[in-house]
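Going in written order, the chains are labelled A, B, C and D, and every chain counts its residues from 1.
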Amino acid sequence: MLTAALRKELLLQWRTRSQLMAVFVFGATTLLLFSFGIGPNAEMLRTFSSGFLWLGLLLSSTLTLSESFHAEMENRALEGLLLLPSDPRALYYGKAIANWLQLTLLGCALVPVMVVLYDAGTTELLKLLAIILLGTAGLSAPGTLYAAMTAQVRAKQTLLPLLLFPLIVPALLASVKATSLTILGDPMHQSRSWIALLAAFDLIYWSLCGLLYGRVVEE
Amino acid sequence: MTGGVVVGGWGFVIAAYSLTAIVFLTYGMTLITKLRDEQSRAEPEGKQK
Amino acid sequence: MNDVAIDAERLARRYGRRWALRDVSFHVPPATVMMVAGRNGAGKSTLLRVLSTAIRPDAGKASIGGFDVVRDREDVRKLTAMLSHQNYLYESLTAKENLQVAADHLGKRRNGVGELLAQVALDGRADDVVSTFSAGMRKRLSFARVLLQEPRVVLLDEPYGALDPPGFDLVDQVIRDLKSRGTTILVATHQWDRAARLSDMALVLEAGSVVWQGAAGEVMAHEVKA
Amino acid sequence: MKKAYVFIALGVALLLVGSYIGLFVAPAEEYMGQVQRIMYVHVPTAWNWMLAVLFAFGCAIAFLFTANTKWDARLEAGLEVATLFAFLLCCQGSIWAKPTWGVWWDWDPRLTSVAVLLFAFLGILALRGFVDDPQRRAVWSAVATIIASVDLPIVYYSVKWWNSLHQQQSTPQTVASQFHLPLRINAFGVLFLMIGFIMLRTRIANYRLAREMAMPPIGGEQAGELA
């Protein structure tokens, strides 16, 4: 069941990949705007680079997350799947994994923009990738659930961030901290504990949201 | 800052207590008026149940 | 194969301050076709959505093949397939992909898809994206999606809607074919005359309540304020 | 119905007594001076805010299992009161932080967690505002409450790690004994007040739900209005 759901999600995302390009441009623009917010102070930009990266990714994520349910709500395709019947939990994990991959792609695409704009690079690319993977997983688990909820409500553009942002504060803190330690140097090896916190957050919400998704989508 | 004695804190103390009193009072008032309004809207079948 | 009847007992469902369905009761024996007639807003779609477990009734009970539509939703869903106003299709996917997605989720193999598309005369447009389809073609595709599920009970909401004359014949043909295979069918429609010829029983709804029930043949005689 | 008013009256009485002692009878704290007296209202509010969050969490779970609208009404009351208390706590916290630290907000882990949950609950109240169907509104706000409440400890620990690198713990945990009396009295004062508020707010929610869910009569004469 999960493979069926995942296959559909990836097919849907492939078919609407031009939207992902547009969201990447949106993310890159926000990174640019952040630097205008700070000013051409190279040192300052470099210090806050990981914060900007993750804020840019977080803002972009609301676009990809709410968009991910547009196709489900059009023609009530989601109801169609549920009536087959198909297991809501498989549908949730299919959608959450697809959103997670999309956000990871977005995150990796934004890293070069960060390197150029803020002169904030790192040689530990693998560690950076691991942090991006864990951080975006923390966004996509609750994000997918709230996207499913708000997709059926009037003011969904405002409601999704309103519900999601306070919730992912720990994931945001940990991701920014771990990323900045990777970029600016980690003398006391703290990044490992931040990554552990991130992993714990992911574990909790990937299981909890899977349990609750069925109740959110049933009529 | 933590070492020396905080001087002249009364202004802040009064601010905190009066803010708390105001918030509790206004919330209490709004609840009571809302309740009255709801009770009158529901058919007033005799005494409040 | 166990027979699959449809039973409804004092079903009711409301939308805000209005009763969409009110005190609806009927019995449809297995392998029979029942026509559900009524003007717009009479509650036809609501009835079918309740039976398909898409929505829950506010009062009363209904069961399909002995399974209650609220408590045994999974079992009911395994037995039934619904042709709904909302065609349950993905606009950005092609006709074939839509059916393949449904087949995947049903745990069925994908090879029957081509044949189904031919059956609804969409084999020429198999690789075209649904967003380019006309309403009639979408109706045909969602028909194929219903047949894909090999259902024991079929709930058709306005099957003739938006179809061209060859489409009408297609619907008649599919209903006859399903009936011959012992499928229990409910058809909600305005095409009284066509449906009456295919149906065994008929139910007329008005403002959410049953105003007439009986053999399909006599429904034409039943003088209803059209 | 009268019980709610009794709780409120009792709560107000206790708060008056406790505040009087806290303001005029209890000695000033040696380091903090008078500012310490804010604690007699801040700490009780914090304890009871915690209770309100747990209450809302409990109602959310109870609703998901029983689907009884009574729990939805209580959830709505719990959410609103918890949000109000969180807002109050943040105000008290910044009034306390200004003289003590010279800034209006000092990123103390507890207070920051309160602020995060304040915005989370405001989001849930907004969600309730936007969804009209009572059944869906109840299920979704229950789910959102569970998710936000589970987040509270995680936020606390992550902010504590995040903040501990800059400053040591800002408020002394241990409170000397003679300060306990006003603290306890006010704690019960706020508790009774909160219970009273929740009871009133639950009744309001019940009335509204009754109006929303009121079954139009099943009967002939109804047909006229429908046609």
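Simple rule for what comes next: a contact is a pair of C-beta atoms (placed from the backbone, for glycine too) under 8 Å apart; a residue touches a chain by one contact, two chains touch by 3 or more.
Since we're looking at a predicted model, the values are computed, not measured.
Asker: When you average C-alpha coordinates per chain, which one falls nearest the overall C-alpha average? Tell me, please.
Answerer: Centre-most chain by C-alpha means: A.
Asker: In terms of CA centroid distance, which chain is the most far removed from chain B?
Answerer: If we average the C-alpha coordinates per chain, C ends up farthest from chain B.
Asker: List the centre-to-centre spacing of chain A and chain D in whole Å, with centres computed as mean CA coordinates.
Answerer: About 30 Å, centre to centre.
Asker: Can you check how far apart chain A and chain B are, centre to centre, with Cα atoms defining each centre and the answer in Å?
Answerer: One centre to the other, that is 40 Å.
Asker: Using mean CA coordinates as chain centres, what's the chain B-chain D distance in Å?
Answerer: 13
Asker: Distance from the CA centroid of chain C to that of chain D, rounded to the nearest Å?
Answerer: 49
Asker: On chain D, where are the residues touching two or more other chains?
Answerer: Residues: none.
Asker: Quick one: in the complex, what on chain B touches chain D?
Answerer: By the definition above, chain B touches chain D via 1-3, 5-10, 12-13, 15-17, 19-20, 23-24, 27-28, 31-32, 34-35, 38-39, 41-42, 48-49.
Asker: Along chain D, where are the residues that touch chain B in the complex?
Answerer: 1, 8, 19, 23, 30-38, 41-42, 45, 84, 87-88, 91-92, 95-96, 98-102, 193, 197, 200-201, 203-204, 207-208, 210-211
Asker: Show me the residue ranges of chain C that touch chain A in the complex, using the header's touch definition.
Answerer: Within the complex, chain C contacts chain A at residues 52-56, 73-74, 77-78, 80, 82, 84, 86-93, 97, 101-102, 104-107, 129, 145, 149.
Asker: Write out the stretch or stretches of chain A touching chain D in their complex.
Answerer: Spelled out, the residues of chain A in touch with chain D are 142, 145-146, 149-150, 152-155, 158-159, 162-163, 165-167, 169-170, 173-174, 177, 193-194, 197, 200-201, 204-205, 208-209, 212, 215-216.
Asker: For a test of understanding, state which residues of chain A touch chain C in their complex under the given definition.
Answerer: 1, 3-5, 7-8, 11-12, 15-16, 71, 74-77, 79-86, 219
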